[in-house]
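Written below as structure tokens is the structure these notes are about.
Chains: A, B, C and D, in written order; residue numbering restarts at 1 for each.
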Amino acid sequence: MRRMSTRALLPLLLVPAVALSACSTGNASDGADDGTTTVRLMAYATGGFKEKYVKAVIQPFEAAHPNIKVEYDPVVSSAEMLGRLRTQKSNPTIDVVIMDLSVAESANKEGIFTPLDPAAVPNMKDLSEHAKVRDNFGPGVTFDNLALVYNTEAVTTPPTSWNDLWDPAYKGKISISAPPQLDGIGLTVILSKILGGDYTTSIDPAIERLRKLAPSVQTWNPQPDTYTLVKSGQVNLALAWNARAQLQHDQSNGALDVVLPKEGSIMQVNTINLVKGSKRASDAQTFIDYALSPEAQALFAAEMFYAPTNTLAKVDDEVAQRTVMTPEKLKTMIAVDWNRLAEQRAQWTEIWRKDVISQ
Amino acid sequence: MPTSSRSSEGGTRRGAAAALLAPGLLALGVSFLVPLVWLARMSLNRTVGPAELQTAVSLRSYIDVLTDDFVWEVAWHTLWLGALVTVLAVVVSYPIALFLARTRSRLRGLLMALAIAPLLTSSVVRTFGWLILLSDDGIVNSALSGLGIIGEPLTLTNNVTGVVIALVEIMMPYAILAMIAGFGRVSKDLEDAAGSLGAGRLRCFVRITFPLSLPGVLTGALMVFVLTVSAFITPRLMGGGRVFVIATEIYDQATTTLDWPRASALSVLLLLLFGVFLVLYQRLFRMVEGR
Amino acid sequence: MEDAYLALSKLTKTYPNQSRSAVHDVDIDVARGEFISLLGPSGCGKTTTLRMIAGLISPTSGHIRVDGTDITNRPVHRRDMGLVFQSYALFPHMSVGENVDFGLQMRRVAKSDRRRRVADALDMVHLAHLANRRVSQLSGGQAQRIALARALVIEPTVLLLDEPLSNLDAKLREELRVEIRRIQQETGITTVFVTHDQDEALAMSDRLVVMSEGRVEQVGEPWAVYETPKNRFVADFIGRTNMFDGRVAGRSDGVLRLEAEGLGTLSVRAQQTDRATATVMVRPHRVRIDPAEQMANELKGRVVQSSYLGDVESVVIDVNGVRVLAERTHSGRPLTVGATVGLGWGDADAYVIPQ
Amino acid sequence: MRSLSEAIYRTVAGILVVCSYLFLLAPLLVVFVISFGASPTMEFPPKDWSLRWYADLAGNGEFIEGLRVSLLLGLVVTVVSLVAGVTAALALTRHRFGGRDAVIGLFTSPLLLPSVVLGLALLLVLGPVGLVGTYPGLVVAHLSLTIPYVVRTVMMSLNAVDPSCEQAARTLGAGPVTTFRRITLPLITPGLVAGAALSFIISFDEAVVSLFVVGTGRTTLPVVVFRYVSNNTDPQVAALSVVLIVFSLAAVALIERALGLKRVLSKA
């Protein structure tokens, strides 16, 4: 009851503002007149994701399903997506969301997302083990991995190992997005593994090692766009994500390059989710099924180097080499319990700030 | 003579006042009061697990915040930064303020505008200026190494040093404005009188000018302190992720960790802190004024 | 007065949170063409009364009628009254001509007509040459004349003057006094004038209304109010005066004899005879110093203070501990303080205050 | 003796004043000079001069879009603040009513609120009604920052206007609306101009509150610059900064002419 009353109060107080907005926001109508439906997809805004996803997945989908339109609502980060979804929980305008698995878990628990119907999304059965999520909640739609990017002009010998971060040559020219960003969390996991331990038991050795890195780091700021920092030579070495880095490499004519350190890395999974209470759940699942289909997965991999989650996807070897999907690479990936990590995120963030960044 | 003779006719007066106030109150209500109430309400909700928001009426967030060592550390750091910036900003602003309060130069208007104009320039732009000035290969470092003073560049950005330098500059116009306003009692005549009684310039300054300018200094200090404690842009852009203050913490909790109740509780506590400082300041001000 | 043009009846103004009414049960009738002054100390309610007539303040109760029409609830801008303010209240962003023209514009008077009437109004105050001046370039006297022209150009039913002269220096004030009275008589406009300056009120008005603490104390022609004040307040407020309280000791042939402390027996011509005590008023200029002829009241005293003012000499004399004010008009060398002098006045020079 | 100590005092004081001014204006001066340098490395002083960064600026879609949003937003915020602020100032100066002091306090209190707190509060409220990243949302977000200044400047002007001018107009036959239009409005124009300039520039420069409420929708110029500066420092931002500085200077000049900067800006 309380829930109801507080929720009811706010819109009432904001009537004037809503009235103001009514004339300008112009939400896409459901277009009932011509029989087409508009499915609203929320996904990443930055790093070329939107442009490539529209080209590789949405346009072909719309061509195949002339009565379904997909509108892309770009948002900077998964956290911000969750924030937005929360505020419209009672009356969602978004139908499908692509976001990081760790954040999606929270949304699943909060009841923002709803499990998919395996019958409506047949492609689910062909997904890799890594992509499957409990209870048929939104499965993985892309695979990626944490990597190192470097400025090719300043760095003559490309880094090969995470240990290269401690190379004095990079002193003051390193950028790492500290926790709560996933980059820093991931680095903690990787270091724990390299140092012969396991992040689930103790991260003390990793933190100890990171303390020595601290003075060399120029910025710990969460950069939505680390790639520009590297391209412009502001820093020479940075933690970054493979797929976007590959794209940036091509777009910057090689000013930046990306390596997967030999010790391996962690995988990052973007899941595709159905919003609970979606008024277009059936069309939304049609789209999700397409997004998980071998064709769509292959096309997007070719455009942006996210590895497909569908095992049947056929990807060019050249492209495949630049994604995380090759068997050799997959072997080096460290298994991560994202659910567990999400719960420890706050604690790790605090440890980082106290013991690493303050050095 | 009744002062209320300004009013217009009839029983419509109260109605007229209400009608005139309506747009302003509505605008402030929507853009200020409702959000604050909503913020206070949100601070009573709970976050469970990683980031799951639960509607509740609970002081959990406050307890969590207040029993968290890290929060205390950040708060302490914020206050320390505020105090340091306040002292420095007041010191560097004092000469300008005193000069502007007393000069009879024809250029006074222009100089006044020059001192205050930066206030109306975005702090993003001014912080950017400092990034250029202070970066490793920036102007300050190249000047210093050019003069042979330093061998290796000083790290002046992406750390607390840069934040302090930039904040001091950003706060200067506020300090200058507040001080000029508070320098009303500092008159040239008093100094001249002291001079005629045989006081040297320095003694004159220490015994007459400075004590009289204290209320202005206090007002300026409070203004700078309050603004520094809530500064966000500069610590974020200049701090290199190393400088944690309450403002950046609120931003992170609100946008990255998505712990809204915690962010709201922090905000409410920051507001309370402000209230305490305002009261303390008024006490102090009265003490100094009443001397 | 049955033929009253402007009639205030039982006019009362009470402000919330104030126990005393600012104006209480005020009844004033003003004849057509009459110049009437509201006079009183500050806070007596005269300005409030004027502003109620203008419509700037709404009365708590009572009525205002003009020419028989009740206008109590008519809004300001439909009252057709010309109001001249103490602060002139000229519109600083308009020229002199535009200021005068404003009221005509509001009345949608035709343009050609307006030009003529503005010129006439400026002519009337002898400032036709200033029509294009900025208001800020006017002197105080000029500004007040313009304000007068602006109020008159609309041919108001009543002209209301709210202490119009008090911001001016003494000489200008006297000049404008005459000027205002002249214009008022030329136009024959019914005028209500508010002032705290009794000289102004006495000099200009057909009749005075003396007010105190929100009430009307006395209404009458200036000379009547001056010579025969109705009570102590009026006697004291209008002009300087001596007032002596005494016990009635006897009466004969319309002359009352009073025993006053320190002064002995005083004789005064008076009608009323039925009270045991009375207050006698003697204006200082009626008191003779060292009188040549025999007078009904003769006293001796010591000069305590003497102020030489040129045309008169104002003297304070101590008579057995009672201070008596006197004036000498043909003085020459002023009296020395401490000198003993004789003083006296006739029984007709004194007046028994009725209340 | 006296003249010597006087001379020393004057010299020391003079040096201090000049140094303080240099420190205060350094970032703006540097940005200004760099923006005209030809080299992308931001050498100072530049060896060659060029306007290329300004040309780049014109071609940068993100900046131009940000500028467009900020200009439009600034205009709308200014108009709304003027309407709300002028009516409120009228009520507060021309009417006596209970709780007047409290209302005045309410109209000035947003000045003391930390922008991060306001930003968060607005985010929490604008989110559920779908106004994050929209023009109406941004307008609402900026109003509490600008209205206090408009109320203050207009009240200052109104207090300087002799109320008997308005009363005179009323007795001359002008109704309330005509009186406001013909008398009050022209007389408070300086306050309106100062208030408008101030609220425009405050909205135009506002970064923190906007950062919370832009989302991925309409992004204001300061937010674009903030995000850009997080990753880059190049002369293009310097050129953009100069554009922003020019807007500020224009506002400063307007306010100084209309009412005087000092009076308008003190926060107390």
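Heads up, the rule we're going with is that a residue touches a chain if its C-beta (ideal position, glycine included) is under 8 Å from a C-beta of that chain, and two chains touch if they have at least 3 such contacts.
This is a predicted model, so every value here is computed, not measured.
Between chain A and chain D, the least number of touching-chain steps is 1.
When the C-beta pairs in contact are tallied for B-D and for A-B, the bigger tally goes to B-D.
In this assembly, the chain whose C-alpha centre lies farthest from chain A is C. Each chain gets one centre point, the mean of its Cα atoms, and the points for chain B and chain D are 16 Å apart.
If each chain is reduced to the centroid of its CA atoms, chain B and chain C end up 59 Å from each other.
Here the spacing of chain A and chain C, counted between their Cα centres, is 89 Å. Inter-chain centre distance (chain A to chain B, centres taken as mean C-alpha positions): 38 Å. For chain C, the set of residues touching two or more other chains reads 55-56, 75-76. Within chain B, residues 4, 7-8, 26, 30, 34, 38, 236, 254-255, 260 each touch two or more of the remaining chains.
Residue positions 123-125, 140, 170, 230, 233 of chain D each touch two or more of the other chains.
Contact residues of chain C toward chain D in the complex are 54-56, 75-83, 85-87, 89-93, 102-103, 106-107, 147, 150-151, 154, 160. Those residues of chain A that touch chain D in the shared complex are 10-11, 14, 17-18, 20-21, 24-25, 27, 45, 73-76, 80, 83-84, 86-88, 93, 221, 223-226, 228-229, 232, 234.
Interface residues of chain D, counted against chain A in their complex, comprise 123-132, 134-137, 139-140, 215-216, 227, 230-234.
Within the complex formed with chain C, the residues of chain D that make contact are 162, 164-165, 167-175, 178-179, 182-183, 186-187.
Only residues 4, 6-8, 13-14, 16-18, 20-28, 30-32, 34-36, 38-39, 42, 92-93, 95-96, 98-99, 109, 111-133, 135, 137-139, 142, 166, 169, 172-174, 177-178, 180-181, 195, 200-202, 205, 219, 223, 226, 229-230, 232-233, 236-237, 246-247, 250-251, 254-255, 260, 263-264, 267, 270-271, 274, 278 of chain B touch chain D when the two sit together in their complex.
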